[in-house]
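You will see two complexes here that share chain A, one where it goes with chain B and one where it goes with chain C.
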Partner chain A sequence: MRSRVSFGMAEAVVLLTMSSMARIFLPFPRYLVELSGPAAWLSSVAGLFLALLQVYLFYIILKPYPGENIMDITERTLGKVAGAALNIYYGFFFITIAAGFTRIFSEALLVSALPRTPISVVATSFMLIAVMGAYLGLETMARSTRLTYPFVLGGIVVLLFGLLPRWEISNLFPILGSGPVNVFIKGGFNAAIVTEIFLAAVIVQSFKGQEVFGKITSRAMLMSFGYLIILEMVFIMTINWNSAQESTLPFYQLSRLIYFGRFFQRVESIFIIIWSFIGMIKISLTLYASAFVLAHAFRLPDHRPLVLPLAVIIYSLSFLPPDLPSSLELERIIRMHGVLPSIILPVLVLVLDRFRRRGSKNEAS
Partner chain B sequence: MKEILKNIIQLISYRESAGPEDFILEENLFDKKAVESNQGGSGEPPIFAEKEGADSVNEGRDEGSSQSKGRVRSRRRKKGESSGEEPEQQSNGGDQVHGSLEQNRNRIDQIYGLPVNKDLIVRSFTMGTSPPTGGFAIFIDGLADRTTVNLLLQNLMVHTRMYCNNEGSPASYIMKNLLPGSQIRTLDSFKKIADSVNYGDTAFFFQGSAQAIVVETKGWERRAVSRPNVEQTISGPQESFVENLRVNTGLVRKIIRSEKLFTELFQIGARFPSDVAVMYLKDLANPQLVEEVKRRISSITVDYVNDIGILEQFIEDDPYSMNSQTLSTERPDRVAALLAEGKVAILLGGSPFALVVPVTMYSQMHTGEEVYLRWQYGTFLRYIRTISFYLALLLPGSYLAVVLYHQEMVPTELLLFIAGNREKVPFPTLVEMLLMEFSFELVREAGLRIPGIIGSTIGIVGALILGQTAVQANIVSPILVILVAVTGLASFSIPSYSLAFAVRIYRFFYIIMGSVLGFFGISIVLYVQILLTTNLKSFGVPYLSPTGPRTHSGPDIVFRLPIFMHRRRPDYLNPQDDIRMSQNPRGWVEEGNGGEKQG
Partner chain C sequence: MRLLKIIAPLILVLLMAGCWGKRETDEIAYVLVMGFDKGPGHFSVISFQIANPKAIAGLSGGGGGKGVGGGDEPLFIENIVAKLPIGAFNLLNVERSREISLLHTTAFIFSEEVARQGVAHYLNPLGRYRETRGTAFVFVCRGKASEFMKKNQPVLEVTPSKQYAMLALTNKIHGLTQVTQFTDFYQGSKSVDVNPTAPLVGISKKEELSKSEIPPHNKLGDYLAGDMPSVEKDPQFIGTAVFRKDRMVGELTGDETRYFNMIIGKLNQSFLIIDDPKKKGQSVGMTLRQARKPEVKVNLAGERPEIELRIYQEPEIAGVTSGINYESPEMKKVLEKALANIIRKRCESLITRTQEEFRSDIFGFGRKAKRKFITLEKWKKYNWDEAFPQARVDIIVHVKIRRTGLMLNTRPTQ
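And now, the complex of A and B:
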């Protein structure tokens, strides 16, 4: 079943871009401002370079094994048992990510649009949509994402340039913000941890050939980090970085400031559509990824029987943090923990794989 | 006096009814009979068994499995295929035509239930041969053309020359020499003869001939080719299909004058067969697509198919989707244009519409007229239609979302106006909206059902009066009337009737979700709709091609480039030849000099 699903490059790039830009709608940009001050956008630039390195890392892991994804290679390198255990860990990683995003997106919607709606209603809606998306599969998700992309792009462009009159270039100074260490090392690493690169390595069989992995993923990273960089710049230029540290949802706050004359103002509600779209894509894709990874680890022929149980688990997990601040804190911890599956474990797999291959080559010679 | 008293007593006294009970349609009478007849071996068994065996699921694909069962009978007949070996017919006197006229006559009486059945006319005659030969002709009154039948009889009875016995069978001699008629053949199976006669042909039986001659005499009343009723356009040809299959195929063939235009005929319907024509361009349409269309059509096992709308429901990919996956059109020029792209058309006898497959949502938003107009006008029309598509879908739901959840979006004056009008209305906005939408649907449906000219008048007047009085009575707010009217107009501008229906139904989901969760609810339905629509396929082609998935699209989706730039046929169809015109289709313009005239 896995090998039958395939879609074009444009769809793949947009799917990964939309999924990884979900964080710009959440409190993440503020977190970068807290860390790097007015140089938050430089942190994103550093993050982009790190992300591209990460893409290269996965590319060289995948390259020798055409037709195999990262989980196949993990099992091949670490052996059936350890490999499967690691893959199950990856599955759980996606589950925590999905739970975190479900909670934060639901909270964000309550803050911005539906203050009197119970959070369970919003989270349930997100979960139902995610179940549907994961059931219909990656191909449908990719195509529908590609279809909605122009509207999302249009919305973001309107938002960012709608604020043009309020831009204050001097807000970007001092250019290095809170210092190079904070900006490039801490900020860079914080920005660079995106699950989409790993996700791309999981669904690489759906791309048309292994060799386009690098192309697709690096383009997606360029695009999503591009949005992040532009948003950080606009955010700091519009609201001074001191005040920017206090806003919970930067994107929402920016959209509230748009004023195109008396009739066209307070259009933040329109952005709720874009916002929830991104949320639905992100959550359904992560749910799909967790089901797919676990199905692979347990050697099931189809991921779909896992979708509903996993959705229930993710839904329950998303309600564990008592409130928004603690769920944000938890999300930060999970993100830092993301270094493990996105960088450390792949490096380990790569090193072991190269050793093994060298060993088998020596034996053969 | 005594009489009156007697009547009164009769009136008030109880008397048991002497007659039988009122007529009651007994249930199971036929079921029992069918079972008995199966056991006894007399009478017709049912065409389809109540419960078919597990292996008959694939009946359409595997004929062998269905024929092996006694009760399930596959009635798919192709031209020239023998289907008259059923055992029950043999027990009723055999299917073969006899040499004896008397026996043939009895068999015809038996088949058509003469003399009870009055539709079949049996005309006996004697030909002036030496010795005189008896014969009879059968045809159905109202289906066969009387003038032709008369001419045939006249030839046989008046102009018959000496019968020459040396030239083979009497039937072939008569066919060759005596019966004028463009389509004529000899048949020896009563089943086939009955099939032909039921379709307007006349069959001639002769003494001493074990074959009957069937002459094509179809001549029932038919509608003439007229202007399109549903797909009216300002420019372009003004012809539409009629109920006659051969006229329809002729209308298409008249436009595509090519020997590569193939028309394949199928018969579907086990009890009453209907003719289905599959038309495609042999050198253009993807052979796999043609094969799939034929496979789906020939696998249908049903008692009869009345209209192409029923056929559509049998062959579409996803019957549970809201969107129709075929394009229904009544315009031969449109069918021809789509055939020239590499699509396949399906026509059904008795239906003035053709189905074209595969279809995308974008082609359901086209009318075909835009191509006849200059590209600027065509593009403009399409953008209007696209906007109206979104309006019809989203306007009422978005209004509810704004009014109930996102009031800050509305400028203050407008908000005050809306609030002021809402103040007097006793219902919640959702109820108000549903009331108006329901009334609008009611007016629309009633306008269709009320006969003739008053229908449209009642529609307009009803809508005006309803809206006006509803506002005056403070049942709805005026802005809502405007919204519902605009939504209604917008949904009328969607060219495809099926797509407009889908939009009408989806709209109610937007209304409900917009009032429950505001814009978040709207985006939920939007995402679900996009997912479901993207997942849809029409004969193997993604329904949202060429945007989801992104393929080479050609300049003809919403925006339409000048006609000479439409070099390629749509990529999603994978036609055998995808180039439509030369590199420089306007030969008089020299290439590369900025469109300047030559010379």
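And now, the complex of A and C:
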């Protein structure tokens, strides 16, 4: 199945940036502080370098096959059966990601703003929007994201710089936090695993030419990691690392601390709007990706018939963890498992592809 | 599909309106201040000062000080005995018709007794609960918090909430107290680099002092809250409660708090009276102003930490009782030197007190010290809590009188 839509570079960059930014609104920044202490921002810097390496990895996989996406190349390299099986696995990977984010975003909304609303109602709202987004397709998501991006960016800037009087630069020390192994290796890997690079390789046919894949994805990573690095720095400068580890929702907690006298405070409502929008984009995009990948694997001409059934599956899966801490732990495991589709399997595909191509060249010569 | 496009947004509008969480304003009563006192056994007495909307509506409408209901008080206090603050808050609902909310709680007042036993078990639920805010102010009350809340009747404000918020502004004028928000206090209680402090509050008890209680004139504001002589039984916000982690270990007077604010770089302005350096028995009034933030350098190379503290002040002459022309360049230097000497001595004495009596780094020197370490493990191993009391602190005070008020050349009285 081929993507029939295309959009510009700016839309693509913003779509991928906003989607990969979703984690900064959830407990992820806290997890990095727990791992790296006051040097959590350095883990994000290490993560950025690893993410750019991932972008390069996918770029060299996609480069020889203009007009094909990662699933086409997987099937071409591994054969129809094994390739399709791997693509089905990719589809399920996106399903688990979507389920995890649906649950955590819903829980986060309950913790912060809607404590008396049943979680099923919040999750249903997210799923309805995700279904609509996935039905309407990538172009709609990309263009609506591009439209709202300045407001999201403005909101984040207001929130982060509203905390300027509370910044304590000494909180960033000792500079190497929990030690180089935790900061650069464990923290770096944790920060580096983002599904959006793989997702970009899935929807590469919508990018008006495959040659821009590297540019789009690397820019999206630079932007989203830029936000992560800045947020981690502001988070630690505002709340010292020891207390920062306790926070369920760091970004929300920061927004509650903005206080410019009696007349400018309680601005967390801005945050909740931004947060809900990013959550909707993230869940819509992963639902779309899972439907798109599975439709490709099952040789269906259109992904849309799969959207509703997959939404029901994602919705049900999202309620499997019994509580918020379990959901977070599960999300962490799934994120770490992301190293398989994001790095290990692509490397395998690349190596096999190079062998296969060398073999065909030798045969031809 | 078209039908779905129409129906889905409509459903979303209904679902996203937050109907489950709705609370009408006329169904809620807002707690403005919470107080914490020691209760029987392991229990605490939690006091809630609640705004009475009926009466406040009358006040703000210019109704002559009485609420709609005639003799209604604009605020009332409920005391609940419970183990934890949120538990007490929940129990409070059984006594009132409206749902009680902490969304507008602007101050937490701990009694000295509670503070000396440790406040960690109060801080945790207050930090966790979604309605309480990190920007609320924290106070320590000399005496019972519930008594203070009852007697604190702000004359100039409708509610104590505004009174507490305004304290942050008035402190910029005198510097004799502290402004501590919950988030800073909570972080300080868990930090290894700095210990928390909180402003002291109390109700004035004395109209005049005995001879031994009268502080020297050059220690303006050398009182703890409640000790400053006053005819009316007024609330007083002066002095600082010093903590080691979550436990109160001592008190600083208003005068000491001035120097504490100076060392941490939060003294915007403060009035000070010093002995006239040239004429015994006479005084010079000065308005202190911070020229720039203090500089702190920490050297950990030796056996004990060495701290160099540089303080920059640009005072203004406020009054000279002797009539000496301190505005002249030569005499200005004499005054600058005398003032620098006084500031240095007072700061030294304050730091020594925190090292020997409280064993608590309330100045945040630890924040500078930890910059010398590359990893957390090494910093924790250094054990700043033990090292700080041993530290040698050198204080260098830079005083430059920039302005002399509305007089440029004082002439002696003929």
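Rule of thumb we're sticking to: the second predicted complex is superposed on the first by the 362 of 365 C-alpha atoms of A that agree within 3 Å, B and C clash if a C-alpha of one lies under 4 Å from a C-alpha of the other, contacts with A are read in each partner's own complex, and residues count from 1 in each chain.
In this section, a contact is a pair of C-beta atoms (placed from the backbone, for glycine too) under 8 Å apart; a residue touches a chain by one contact, two chains touch by 3 or more.
The shown structure was predicted, so the numbers you read here are calculated from the model rather than taken from an experiment.
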First, second, both or neither for A:Q253, with chain B first and chain C second: second
Which of chain B and chain C A:R262 touches, first, second, both or neither: both
Partner chain in contact with A:L147 - chain B first, chain C second, else both or neither: first
Contacts of A:A10 with chain B and chain C, given as first, second, both or neither: first
First, second, both or neither for A:I129, with chain B first and chain C second: both
First, second, both or neither for A:A82, with chain B first and chain C second: neither
First (chain B), second (chain C), both or neither touched by A:F173: second
Contacts of A:P38 with chain B and chain C, given as first, second, both or neither: second
Partner chain(s) touched by A:T117 [first = chain B, second = chain C, both, neither]: both
Chain A positions touched by chain B in one structure and by chain C in the second: 113-114, 117, 121, 125, 129, 132, 262, 265
List of chain B residues in touch with chain A within their complex: 401-402, 405-406, 408-409, 411, 517-524, 526-528, 530-532, 534-535, 542, 544, 547-551
Contact footprint of chain B on chain A as seen in their complex: 7-8, 10-11, 109, 113-114, 117, 121-122, 125, 129, 132-133, 136, 140-141, 143-144, 146-148, 262-263, 265-270, 272-273, 276-277, 280
Of chain C, residues touching chain A in the complex: 1, 4-5, 8, 11-12, 15-16, 18-21, 127, 130, 133-135, 162, 165, 168, 181, 183, 186-187, 190-193, 364, 367-368, 370-371, 373-379
Complex contacts: residues of chain A adjacent to chain C: 37-38, 111-118, 121, 124-125, 128-129, 131-132, 135, 168, 170-171, 173-179, 239-243, 246, 253, 256-257, 259, 261-262, 265
